[in-house]
Amino acid sequence: MSAFFIEGRDFELFVDAVIGARRVVGPVAKRTKFVYAELESAEELRLDFDVTILPPKKVFFPPSQDLVRFSDGVVGGCIDPVETVLLGVHFYDVKGIDMTDFLFRERNEDWNYLAQREATTIVASSIQSISPRAFWSSVGAEVEPQGHDAFLTKVNGGYLFETRTPKGEALLGYGSFREATDAEVGAAALANAAAMKQCPERLDYPSEAIAEKVRDSFGDVAMWDELAKDCFSCGSCNTVCPTCYCFDVRDAWNLDQASGTRTRYWDACLTREFATVTMAGGGTENFREHHSARFRHRFMRKAAYLNEKLGGPACTGCGRCSQACTADIADPVRVITHIMEVSS
Amino acid sequence: MSCEHHGHDNLFLPREARILHTHRPTASEKHFTLQLADGAPLEFAPGQILEVGVMGYGEIPIGLASSPTRTGTFDIVVRTVGRVSTAINEKEVGDSLWIRGPLGHGFDLDSLKGHDVLIVAGGIGLCPTRSLIQYIEDRRDEFGRFLLFYGARDPLQLLFTEDRLHWRASGDVEYFETVDRADASWTGNVGVITTLFKKVQLLPETRVVICGPPIMFEFVIKELDRLGIVRENIFVDLERRMKCGVGKCGHCQINDKYCCIDGPVFTFSEIQELEEAI
Amino acid sequence: MAKPTLAFFDFASCEGCQIEFTNYGDAATLELLKHVDVVEFREAMTETTGGRIDIALVEGSFTREADRARLQDIRHRARVVIAYGACACTGGINALKNHQDDFAEYVYGEHATMPHLESGTARPISAAIKVDYEVPGCPISKDELLLVLSNLLHGTEHVTPPYPVCVECKRRETVCRYDEGDHCMGQVARAGCGAPCPADGIPCEACRGFVDDANLTALEKVLMERAGFSQKRAVGKSRMFTANLRS
């Protein structure tokens, strides 16, 4: 596709024009952090964000989502997508969306996710500020971000707008874009390459070697116990992860006590009851009873189990888990580096 | 409340199934015979599961307990253990249950056909295997010898009284049963299920299906190893907390496998390397 | 079918949980009243009842032996007894005094010996009578109480989430208290409240008690290393709502 340029002063007008036409979700400030939220005006948009608390997957897979509604013996679905522009997604989060796209589509297509995904135009954006725990420059470097429709790079007092799909091109009509010069395209490439060099943490091993070593470490119970010693089983590392997609399903009645909903909620495999089943005999059994077994399961999922399907690790290097873990034991760079260095 | 926006199926939308018949085989179990409310036949393979629910209470995974060769209706057996199963077991003839499925990957019939088949069922594990038992009975000449071992904790826990009478008298199946603990009325075999192995001669090519509590697996596998039955020919039906039933929600993961779509039936060779399997 | 009757009773407490119940707003309250008959509710009506009750909601802790007979009478008359609020479920903050001798003087000074202040060990309602359900929290979450009642009306039981408050904070994208230099106990506190406190910039004090297998060793470490607590304060911090559960 092609590259366009928009001056800084015209960019806000462009965003406001898109807001006038569609639902627009982008990064905004929340206290000392950033979150994705529906924009009311371009002023709220903070493309200088470092990382958001939750990844943008919440646009398609919200923390709670009604799947089925029932009333008087009638049961119906509630897939109701809204045309949306998701504006300002860093490349590592595009990779995360690529993974959840695949996972919700494989084998059984889940249109509770896919319908909103297809109704969304994703505009990726260059990294202007860097999160202190990021390691996106090194993890899964063999996997290219795919599922975006355009890419914005802040450069030369404006933005380079590279369209990737017809959905991305369709946004051109909302702003004063002109064709970009070779110099602007070159400057944007330099800016994006420079950001990659400033990534603070690095995972210095190839994905395949990591997958093999992590899988082989499964039986090293003493090591996992030590790594997980301070784990609260609080599920924060799961809940903020762009590639976690587990959920629980619960029913509830509305106030009328006759109608109600079947709703899915994000779940977390680090929490204690996640793998607990009520056995046919009546008792319960927890297949990952000890917190270190759950801690290990997360690393198996991120570094080994899904690699074959996804073509790389189920990790984007966003560093959200490292930041969210109050005990600071969740950082994949530290845990995986430890396994690579010491595990036999 | 449109159910199929944009022409796409909603994986979570259940279908209504009417209860045609119920029966209480034990104090805690209820046996339902169901039919889809729209009259369509339910197409499934032995060993597949249904998510069965009551709206407002939730859904639970239940193995189909009848064979697809017996068309029109289908059976499930539900044990009262929690919130959802209690709500299901309060339903009576004329009421509806809401089902999704069939889900998962049932018994590999092609690898059973033409061979001797032994089914080893412990406790409520007889329910999902009943689907296969009926299937083999209905297509008897497609299989070799057919043996069935069934064990329960005590005589009061034995399911399917009519079926057992029929199996005992039937020339189609060599049926053996045992209880761990007898009571005064019991005249049959007493002991764990592996005690039944000394009653028969089995060829090493026999295909074996196991369904029951995890503790049973270990002992049965030892017997099968002794008989020289390779683990590729041993099929196990596993129980996990299958919530979505469609390979998404993550609750039934065993290492990298999803019990609901990769199973619930696995060959023993597939799962023996999985640390979390049994 | 007659609507089930609902009665509210209070013991040693601030009655804040009753007040919370009045915060549903008109529409929700009127809808709820289509399904239950409220027959006693000191904070909202003057009528009381001496007859049979379907659901008794008991607030406050059991602190005086003299209250035992009243609790037994409620138990005798009620089909279902729900202890609601931290005081009723665990003794709540009232139980802090169980580990101190000079609490009366500390709080009331020269008036400490006035007869109406006399009270003994603060205990949960379950120390006096059998309790069918517990709804924790200080105050309760009105939405959760609604779920409990809704499930009861349908003959089943609400399941309190087994995970900690962090899950609910993250789901609603609250900035972590630790990221603002504060402390918090959401890592070990039982969720189900929807995590309103951290969302308002207030640390979680675990008013609903702890999750099973709470990692208190790690909590003390994090309170010291990240929130700058002394060891004494870190160890004592988590006791506010769990004093009765620990030695």
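To keep things simple, chains are lettered A, B and C as they appear, and every chain counts its residues starting from 1.
The working rule: contacts are C-beta pairs under 8 Å (C-beta built on N, C-alpha and C of every residue); 3 or more make two chains touch, one makes a residue touch a chain.
Source: prediction; values computed, not measured.
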So which chain is the furthest away from chain B, centre to centre on CA atoms?
-> C
Chain pair, B-C or A-B, that carries the greater number of C-beta contacts | A-B
When you average C-alpha coordinates per chain, which one falls nearest the overall C-alpha average? Tell me, please.
-> A
Between chain A and chain C, centroid-to-centroid distance (C-alpha), Å | 36
Centre-to-centre distance between chain C and chain B (centres being mean Cα positions), rounded to whole Å = 44
At what distance in angstrom does the C-alpha mean of chain B lie from that of chain A?
-> 38
Chain B: positions in contact with at least two other chains = 56-57
Residues of chain C that touch two or more other chains sit at 154
Among chain A residues, those touching two or more other chains are 252-253
Hey, which residues of chain B end up touching chain C in the complex?
-> 56-57, 83, 86-87, 90
Once bound in the complex, which stretches of chain B touch chain A?
-> 1-6, 8-14, 16, 28, 53, 55-59, 79, 81-82, 96, 98, 123-125, 213-214, 239-241, 243-244, 246-251, 253-256, 261, 275-276
Parts of chain C lying in touch with chain B, wherever the complex brings them together = 154-157, 159
Partner chain C, residues of chain A touching it in the complex = 30-33, 35, 53-54, 63-64, 229-236, 239-240, 252-253, 255-257, 265-266, 268, 271-273, 291, 323-324, 326-327
Which positions of chain C touch chain A when the two form their complex?
-> 28, 31-32, 34-35, 146-147, 150, 153-154, 162-164, 166-167, 170-176, 178-180, 184, 186-188, 201, 211-215, 217-219, 221-222, 226
